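The letters A, B, C and D name the chains in turn, as written, and every chain counts its residues from 1.
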Amino acid sequence: MGIIIKNGTIVTAKDIYKGDIRIDGETITAIGESLPAEPEDQTIDAQGKYVFPGGIDVHTHFELPFMGTVSADSFETGSRAAIAGGTTTFVDFVIPEKGKPLGTALDAWRKKADGHAVADYGFHMAITEYTDSVAAEIPTIIKEGITSFKCFLAYKGLFQVDDGQLIAVLENAGKHGGMVSIHAENGDIISTLTQRYQAEGKLTPEYHWRAHPAIAEAEAVERGLTLARFADQPLYIVHLSSADGLERIKQAVARGDKVLAETCPQYLLLSSDLYCLPDFEGAKWVMSPPLRPADHLEKMWEGIAKGYIQTVATDHCPFNFRGQKEMGRDDFTKIPNGIASAGDRFNLLYTYGVGEGRISINRFVDVVATAPAKIFGMYPQKGSIVVGGDADLVIFDPEATGEISVKTQQHNVDYSAYEGFKLKGLPQTVLLRGRFAVRDGVYVGEQGHGRFIARSASGVSA
Amino acid sequence: MGIIIKNGTIVTAKDIYKGDIRIDGETITAIGESLPAEPEDQTIDAQGKYVFPGGIDVHTHFELPFMGTVSADSFETGSRAAIAGGTTTFVDFVIPEKGKPLGTALDAWRKKADGHAVADYGFHMAITEYTDSVAAEIPTIIKEGITSFKCFLAYKGLFQVDDGQLIAVLENAGKHGGMVSIHAENGDIISTLTQRYQAEGKLTPEYHWRAHPAIAEAEAVERGLTLARFADQPLYIVHLSSADGLERIKQAVARGDKVLAETCPQYLLLSSDLYCLPDFEGAKWVMSPPLRPADHLEKMWEGIAKGYIQTVATDHCPFNFRGQKEMGRDDFTKIPNGIASAGDRFNLLYTYGVGEGRISINRFVDVVATAPAKIFGMYPQKGSIVVGGDADLVIFDPEATGEISVKTQQHNVDYSAYEGFKLKGLPQTVLLRGRFAVRDGVYVGEQGHGRFIARSASGVSA
Amino acid sequence: MGIIIKNGTIVTAKDIYKGDIRIDGETITAIGESLPAEPEDQTIDAQGKYVFPGGIDVHTHFELPFMGTVSADSFETGSRAAIAGGTTTFVDFVIPEKGKPLGTALDAWRKKADGHAVADYGFHMAITEYTDSVAAEIPTIIKEGITSFKCFLAYKGLFQVDDGQLIAVLENAGKHGGMVSIHAENGDIISTLTQRYQAEGKLTPEYHWRAHPAIAEAEAVERGLTLARFADQPLYIVHLSSADGLERIKQAVARGDKVLAETCPQYLLLSSDLYCLPDFEGAKWVMSPPLRPADHLEKMWEGIAKGYIQTVATDHCPFNFRGQKEMGRDDFTKIPNGIASAGDRFNLLYTYGVGEGRISINRFVDVVATAPAKIFGMYPQKGSIVVGGDADLVIFDPEATGEISVKTQQHNVDYSAYEGFKLKGLPQTVLLRGRFAVRDGVYVGEQGHGRFIARSASGVSA
Amino acid sequence: MGIIIKNGTIVTAKDIYKGDIRIDGETITAIGESLPAEPEDQTIDAQGKYVFPGGIDVHTHFELPFMGTVSADSFETGSRAAIAGGTTTFVDFVIPEKGKPLGTALDAWRKKADGHAVADYGFHMAITEYTDSVAAEIPTIIKEGITSFKCFLAYKGLFQVDDGQLIAVLENAGKHGGMVSIHAENGDIISTLTQRYQAEGKLTPEYHWRAHPAIAEAEAVERGLTLARFADQPLYIVHLSSADGLERIKQAVARGDKVLAETCPQYLLLSSDLYCLPDFEGAKWVMSPPLRPADHLEKMWEGIAKGYIQTVATDHCPFNFRGQKEMGRDDFTKIPNGIASAGDRFNLLYTYGVGEGRISINRFVDVVATAPAKIFGMYPQKGSIVVGGDADLVIFDPEATGEISVKTQQHNVDYSAYEGFKLKGLPQTVLLRGRFAVRDGVYVGEQGHGRFIARSASGVSA
């Protein structure tokens, strides 16, 4: 009693060809021309459709306690939005409390996710202080399948680590098979500007943006890469947002550094003009790093097309405009940072990337699924369409059209950062390990079907 | 009555997984776990073996009339060596006579190949003068499946075109779906030095090398890329040989140029010390561009690993040491240029690239097969392992060992440029369109089984 | 019976201080505090004035036969305009006829200048073909004090040399103490575009500009520098016009190339919008290379400030709008190329460079006088204010104001390319070898007082 | 009763010419041909000699309490060595104690110098913490003629400031006319390595070098420049030591940053091999940053020649081998850092720079005297040979020969870092403000003749 997807155009990060896919249980068991169906098999007609591997979003913050509130999507609602939008696996960030074991935080995050998530999931571990006990715990955490760590060069006085700590994490994690990522903004620059604007009474959302200039990203990218080279470790830059930061990455690649970079749809499609909307409207897009001026966008797309940027994730971290974003109505520093896009990423990338000719359809699959899987140790179980791999599949109708709106979104938040964005091409059916999560456009997923993925070491040496 | 390859580790340019491959007729019809075999099917046990797509060598010169002689491998012997060494498709260069139609030359080359080659083949067309009739013929040639053109920035007074001609070829070919490649050496520099050394009586093989400095390549790469940017066309650099040239390519990629680059095993594994061997021995490696000093080699490997170089071809163009190379015993300018390596490329790349950790196994497949197929319009018929694609496959034993030697090579030439190079990992069985060319290490190919491939436009926009 | 300039602020390329200058005969004999005047001495009060070394314009074309006509300024009128504008020495280009000796052309140019010029002068020699006789003549020409040579990478089919010829000139001149300069535009690109626009009937002045894109300059700069590096010789780029070309120079400096660059006021102050003026007005600024878009201008100024550009010359080559520029009313390729600015350079540089804070007053002196003198072998006779040097001096009133206009200019041409440009700071008095050429703002020069300067080898190794 | 220096070859940062110099009192009053001498004048014959402006060393540490001891040269002995070696002015660093006013430290340093120094002097102020009171004191300090400040990016836990502090100092000092310099080494990298080597028992002088890798300098240079660009202020890099750091400076110059760099003779002439000498001998060269491998040296020279490095100072900070360096015999972290070279700088630069053709004689004067004077607000009183300027002059015999040795040096330390270095060209006579400090090779200076120089704002906008 299997499933046969008939006559689809199968697309991987390198290949594109017509064929049938057979699923037995949770995995793909055959790909072929005219695969024979047995009586009890279900058959899905994918003629005229693409069959993509399920998307992987390696940057989410569900139910994150942050800035005096909690991000609006739970693991259930957030993962439902994700899978409805073609993303079958996500990796969320565990943020431990200072002075407490990493394991305690991991337990808390597991508890939020286990039995709730409707997509598969893993975790990164944030390191916001580097004490002897943290150092000692890192190998254990890696053994539990949390093989990636994140340090912040921003959030001075809160999460920010100094250069010595970053080096120590790079070396410790690297030695035990873990990889380090950084939030690459110079927290001292941000802090200097923030205090200045506060002192000057410049408190509107526009000044959140002005307090996070692109030079702060460029500096942190450069420094992070230099310290990683010193430590002889790869480095993964999360949510790269600016052409300035990208330029540093290009130089690093040219000199042979092991650098991996992630960007997000907001840095490809939205620009900083939004911060200047009247009536506190700009607060909707307050996030760190912030949106950049419009001339950055095509450069970021080119960064993807040319291979300088390997992955597109979301940094999904939504807050309601009413009641949450409004906390900072009189002071931008109190606006909780983040937007929702876990459900939009896959489709925005397809429409505005493939559809508008900025990236090839193979590159789309790579950045949205394959590279995340390889970089974060989930391949070949996840991230491609291969015999033996999990049957996480998106049957995608390139002719379907839609429009992003708060009215129709699955995200649990009261506005959409992409309100009114047209989509051409939509998931018709989504399978997670052989089970339907979306069928003919209707969400049919099931709470708790998502499973924790204990990840291996990075499969890409950069 | 098909063929089933059982339990192999299937490797493509992105994926690696275990599975069975079924071949019916000339193509792959299924990939699966435990594919059922019917009674009349042949079964090959590939347990512990890699299954790679057949290699594609996009730079050969079989039976080339050159420098007063003819390259030593015919289409039959050359393609036999190639396929025995894992390369199932090659693309040779048609070099038209000035003043005569391109079509005439194409006919001549077809005649040399058709019914003789034992591997599949296509052709590039060299453009050594750009007259009105050449201009008019280019669209026709493209329609016949010759979708790539080559201009020489070297060989002053013989093949060398000026900048205006290169621009014209780029624009004309580009408009009709053709792509242009260049031999990137500055012929004026070479000519200046050659005349100087001749005047000074410096006539040993060492001076062939000295007359072709890396700066001549760097200049021509830079200029070619600039003219291609001007013409808004991609450019493919054949046989990139030096770190200097590579540096220019890196800069071009960073600024967004559409550049594709090919190198050859000799520029990865052999160095210019060889030119200084006594007794005219250095003549064996006289080729253009020449081998470079040893410090270039790792940089070239890194160029492949980092994606700056997309393909590895051979520039296979052998001449016997006795009788041919010896023509230049008293004057290096009379030494016919070239070496044999069509049969060695695949295995050298595997042993010294994958085996020594310089490139991943996926990257190996990409540069040796997939990228050539895509860039030169043969994908998905060729270049990967997909349902519906030609069953050009290499079953590769990673534990087999060998050594390159004139005694054992298939090339029709009296020495090997790689004499004594050890190999770890060898093709066990090679199939071309479902038919055995090598079986359990024994060549079983058949003259004339090779087929002309009318190529489409480039499938990679660079 | 000397001259004493009292209390001026003496400015050299490095120093600025108050002092008196004593002139006896043709040279400066003392600089001091309160120098004593003898009864027969003339005294000039320079209180509140700058005393600058006389300007040196190393790029003029007086009485040049070109494009079927002759440039409008004779050596007399042109040099009068120059000296009235603070430039006491110029270097003009001898353009030999192909097939005739360089010496014959030099004689012709000497004849045009000797006894006519009112400022001192030297010559560069253009090399538009490189024959054995040209090669043999180069050392002789150098001995006669013509120590610099110019090759054109533009003007295909007319002046353009190929790479081999440029290398040969670099090596030959270099061996005998000469230096080579290039007109850095890729003539093949220009020719391709020109023919296209002509074929398309695009014949207005705007298309002169469009046919000379900045990429043509960038290519030629890069190639010229590469060939000079190959030849191990310095290279001087004349009339650098674009940020693109400048970028290549920056890279060359960073890698250690011996590169010297000149720009002209028009590439600092005028932009390509002018070509789109109606009624053929744009023809006034038709020159090669053309003006560039406005965003190049500040970058060119910064190139001067940062030391990437060493000299500012004029490429003075005027043609009357009536009767000359009009020759190309129906076809931009027939518009004689050039503008007048020999009389404006010094003052434009001061007002828009020093006055507007873009360059320091020392840098002004350097680019307008000292560097040209050193680079072209006239130092210390010319180019600074030192004891023993020629008393070529400009007493400059920083408070004087003026406006450039055809009505007031000394150039012998019927329009001004800088009509309406305001000036703040003007020469009050100009001396050439101790004799007044301008006194209190009135031209008092004398025909034929200018003297040929046999120049030494370049005093700057770059 | 003046002094006339007859017939010398006067050399400034741009000019070179023959002439006489007249001194009356403390300043130069005339430069001329055959200046008349009055009966009471002293006349010095400088035929065949160069006359240079007195050297300016902007980086000394006399009597510095450091690492539990005090640097071995007092202001008297140190300045005596300096002036005997052609350096007539120096700028020393005031290092305030944390928690105490800057003014208190300045007073202490003034006390050490006033009445003792035999050369003129100024001070830089180190900022090792940035409190409200330090912030408030900066404008006052600037008014007292201390117009330059130094921050350390190294010495973690001791002097090291964080990025926010550096930004604050840049902005505060810049607003009041002060300029900031940095010690550009990443203290976190150094600290990480130092602790590692200590833990591993690697305690010989070699590990001092290994703990200060060039990447630590490159990182700090890059970051410092980025923060200065953010603050829109120039930045002066003290004691640049490596090709890696220089590369970052080149890139910054190319993108338009306002960067100034200083190096020292040790980074031009000595290499890190010395650290591996047996018997603790390497301790003699323990300093921060350390010497670099030999392949850095020519690149540093080229940095000077090309203008990327503006000044050459010494970082003079000697400690006796016996009793002081020996404090670290068992632990390199206890070796006091520094060498003596105040007396050697001028002559080493001349012999190995000018004499060996690496830099021109004008460039020598610029880096050794003129640029330091301009950058640090002492021009035109100091730094050149101009009428009205201080008569600080070096009459230099280019034919004199010598050899550096502990036996003959004036430094108050028991070894020489340059033992055995040959010199060709030596000061014959040195004058400070018209008074002899060295006469015909004999030191005749006088304790306390040195005078404090209240410096103006930087005269070079970078």
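Annotations for the structure displayed:
One rule holds for everything that comes next: a contact is a pair of C-beta atoms (placed from the backbone, for glycine too) under 8 Å apart; a residue touches a chain by one contact, two chains touch by 3 or more.
These numbers come from a predicted model, not from an experiment.
The chains that touch both chain A and chain B are none; no such chain exists. The geometric centre of chain A is 58 Å away from that of chain C, both derived from CA atoms.
With each centre defined as the average position of its C-alpha atoms, the distance from chain A to chain D rounds to 52 Å. If each chain is reduced to the centroid of its CA atoms, chain C and chain D end up 40 Å from each other. Listed for chain D are no residues, as none touches two or more other chains. In terms of which chains touch, the assembly is arranged as a closed ring, every chain touching its two neighbours and no others. Residues of chain C that touch chain B in their complex: 156, 162-164, 167-168, 186, 188-189, 191-192, 213, 215-216, 218-219, 222-223, 226-227, 229-230. Interface residues of chain A facing chain B in the complex, by the touch rule stated above, are 10, 12-19, 22, 29-33, 35, 250-251, 253-254, 256, 302, 306-307, 360, 366, 370, 380, 384, 386-389, 461.
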